[in-house]
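Look for chain A in each of the two complexes below; its partner is chain B in the first and chain C in the second.
Showing the complex of A and B:
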């Protein structure tokens, strides 16, 4: 039998004809050039022009390119592509604007002493040469750390409940957890305030703040942990059970190690979720200017609370401080996210030496 | 020779350690019930005096918030309406963008670009709301006011939504809605992306083979099969938008005395969560009760929206069930 030769181009549809290439190039370039020319000659407003001139022009071009390359059926395709790209780019521009403004304005306030000094002798109008967010970083670490200590075991146990048991309430619990993930953060703060502070069991303190973060962190941790536990093949667990292991040892010695990276991701994403929460902190803690490492007593600053306070003060230097703290906060969030991605990245399979 | 009596086969854990293990898991699973119950219980008993002093309907729909009057007036009507309005407009702005991004990542972009875009959208989801509030106040408000002014000048005469006689375009529901939209786009798009990724590729290929175009595949195949999940994601985002506190607090002018029914560009609006934050600092004891009552209203509304949403999302994701 003669061997069938594999075609050189295995994906013939990726080989676009000259018609398609030409019309796509025109579609991409022409509207921008025309719009730029109009913008430069008449000096009209960018945003107004974007929607009244550029977008219709681009739509027209897209429809023409579709018609030119594929005939009548291509028109709607061209329109769809233009709309999709336009809206997606719009979001990316918004995000870039947020990130860029934080980085640009934040760097003006950033300096070594901004990271480690506290704010004892600082008012809204004090220059940027003294004072910093050191106390707020410590406070954030403490409050978020305490809520992590409580939430992580609870969240993982909830994930175990959802994956390992056959209880009838699982569907409801899952729905409830997802509903909790959109719990207004201010309600969580009010809850701790009404339960513990208004009852006189405790004053405003760091511990109250970290308790208020728990309902916000729990859904994220348990959801991601559940996903990762679910990905562990059932056969592994069943094998352990068949070998005579009790369920708890099957879980701790087989399922949990297999899901380890997913659990780490769950913890990191949970921390990233609550590290920037402001409203519950403002309702349950007093924002202090000095360093306070006692979560049971006294005011304690956290980064979001610090940002909020200095925005409210409203002086140019205090706004600059807020931008600086926002940059520090975003850097922390970024580190957490990067760590989560590294942890959840699929590990390269180790080569077996002997098989 | 006797046959040994048959051992009873049990699906229940027999050992003590196993019993403890499953009991702990079960307790943790029910803890979410307990937390929701505790929130509802404590907020309600603390807020009860406020509900008792005023008719609950008047509290929820009346206007005015003043602790200097005697008796003090605490009604959250305009705030409640403002929350709904801002959340709804925010969702209307966010949905097309979110679906476009999900479609772009799932079906259009080559793999490396899709991965980068996913990271970027996730990053957008992780920006804390206080940072978005700072961005909204310092960077976006002037830009948004400029857009609003152009809209108002061009279309205000014909469309009542966009008319504005106050002379200023700052701190309006329009700006707050866009800030909220930036916040919920990643939420909707991540739910939508997950649903899109589970649409059967064979059906799509079949539709293409039958002569479908990109657009007809999206309209006839992808959207109908994923409509339920997208709806759930949108509702989830609606709940998040209603509970948004800090960002709205910075970019919106809270007006307690009258409803702003639909004038999006006028600098008056409301949001329950922001009301709580704005008034909490200097509140009288009576006012605190009213604020807690406002919290109860907010909590109940968001809980209902979210519960419906997550029910729909779960119905739309059968692969999640065992």
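Showing the complex of A and C:
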């Protein structure tokens, strides 16, 4: 058979035609140019003009381009396209600027010793060459770690209850979880503070911080785990039960492994949810300058606590330290989210074993 | 009356308040294939699920009647559904191998799932795959993931998985409806070999398939919102070539349903 060569344009659906190309180009360029000219001549406020002059201009242009290319039905298309692009870009710029300010301000504090040293030798006079967030990283790891150890079994158990049983209590549990996910974190901190610390049952300690984080983490973990368990086809579970499996074995050997990546995501998202929580930490833990590995006693620093503490001190070096800690925290959260993405990515079929 | 291997007596099924199966009486003799035919929604699949108590997993399900395996009611008070399902295996419409397990692990998954330990698990893998007539295709890649197999192979793997439990009865709910003609033929050949050692009940929408493989056929029907029931039950030859009930005649000749 004669081979058919792939033509240069094998994707005819991408041919937009000269009208669309021309009007799109005008829509992209014209409003920005006009707005820039107005800005330069009148010297008005950028943000004010963005919404009062640029956006209407851009919308007008989009509507015209739609009408010019496709007639009447193109108007809504053009308008929606402009609105979508404008808002997406707006949010993206906001996010990027937040990220950038953390990186820009935090970068000068960042150095190897900033990661592993603690703050014992830091005073008002020491510069950035001494001291770091090592103790705060350990503290965060400890408090969040304890919360995770408690929350993960509890959260997965809740998810199992919601997916595997048909008890009448499910609706109540689900509503409670939703309510919990809207719980302000300060309330959670206040609860532990008033119940366990004010009552004299315990002093300020890492453990109290962990306890305050649990109610914040639980809804995230159980909701995401529930979704991933729900995605496992019923057929698989039935297949296991039809082989004579008691339902607990069917769950542990078939349903849970099939939902594994989703469960991992649930755990990572739960950690990311609480790792930056400040309010509950401030109410339940005292901040220490030294390394403390005992969650039952004494003050313990955490990254959010460290940031809060140093930003309040107000001198340039302390503020730089706070930004540095924020950057470290941001990097940790970034790593967690990246890990969640990798864990939840569909698994590629394993390589076939050698024959 | 002859002793039947598996027997359904006055089986009635409800979903919530809806009566979906009414007074089904069927007998399944040993080493025979019994086909259940009938239009969609007539309760065949529901019925076959009552035979190994998979039916009770559906929320709101109700059941009345008896299902006797070797004369003992599987719905009896002290009977554990887990034991029932070990003796009465089931193959589903859609192939459902366990995606996280290899081919080999899938075959012996039933043992692990039901907590039975057998020292000869390795031999069992080969035995079961041979019985499901797919040993030669997969013997070199037993450790590959089960989902790397084609649809037809996956379904035969599911059959092998059931066979590894050495069931007395094998229930098949439209096992070929998702497969191509080639795979269907192979599964039919497997069924004919398997019936030497067990009792088989199969739900099928394929009239030719029922004629090719079954010894006896039951025709189910649910008319005008009435619960499904058995219209006619007898030797396959008789059902297809000399049906007594006119509705059976119309159905097997493709005039309705």
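Here is the rule we use: the second predicted complex is superposed on the first by the 322 of 355 C-alpha atoms of A that agree within 3 Å, B and C clash if a C-alpha of one lies under 4 Å from a C-alpha of the other, contacts with A are read in each partner's own complex, and residues count from 1 in each chain.
The working rule: a contact is a pair of C-beta atoms (placed from the backbone, for glycine too) under 8 Å apart; a residue touches a chain by one contact, two chains touch by 3 or more.
Predicted model, so just to flag it, every value in this text is computed and none were measured.
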item	value
First, second, both or neither for A:341, with chain B first and chain C second	first
Partner with the higher number of touched chain A residues, chain C or chain B	B
Which superposed partner A:67 touches (first chain B, second chain C, both, neither)	neither
Which of chain B and chain C A:218 touches, first, second, both or neither	first
Partner chain(s) touched by A:311 [first = chain B, second = chain C, both, neither]	first
First (chain B), second (chain C), both or neither touched by A:235	second
Contacts of A:246 with chain B and chain C, given as first, second, both or neither	both
Which superposed partner A:160 touches (first chain B, second chain C, both, neither)	first
Those residues of chain A which chain B touches in one complex and chain C touches in the other	166, 246
Interfacial residue positions of chain A with respect to chain B in the complex	45, 47-48, 70, 73-74, 76-77, 79-81, 83-88, 90-92, 94-95, 97-98, 101-102, 105, 153-155, 157-158, 160-162, 164-167, 169-171, 173-188, 190-191, 194-195, 198, 214-215, 218-219, 246-248, 251, 272-273, 275-279, 282-283, 304, 307-308, 311, 319, 322-323, 326, 329-330, 333-334, 337, 341
Residues on chain A engaged by chain C in the complex (per definition of touch)	166, 233, 235-236, 238-246, 249-250, 253-254, 257-258, 260, 349-350, 352-353, 355
Interfacial residue positions of chain C with respect to chain A in the complex	52, 54, 57, 59, 82-83, 85-86, 89-90, 92, 94, 96-100, 109-110, 112-115, 140-141, 143-145, 147-148, 158, 161-162, 165
Residues on chain B engaged by chain A in the complex (per definition of touch)	11, 13, 15, 17-18, 20-22, 24-33, 35-36, 38-39, 42-43, 46-47, 96-97, 100-101, 103-104, 108, 117, 119-124, 126-135, 137-140, 143, 146-147, 150, 154, 182, 185, 213-216, 218, 236, 239-240, 242-246, 250, 273, 276-277, 280, 288, 291-292, 295, 298-299, 302-303, 306-307, 309-311, 313-314, 321
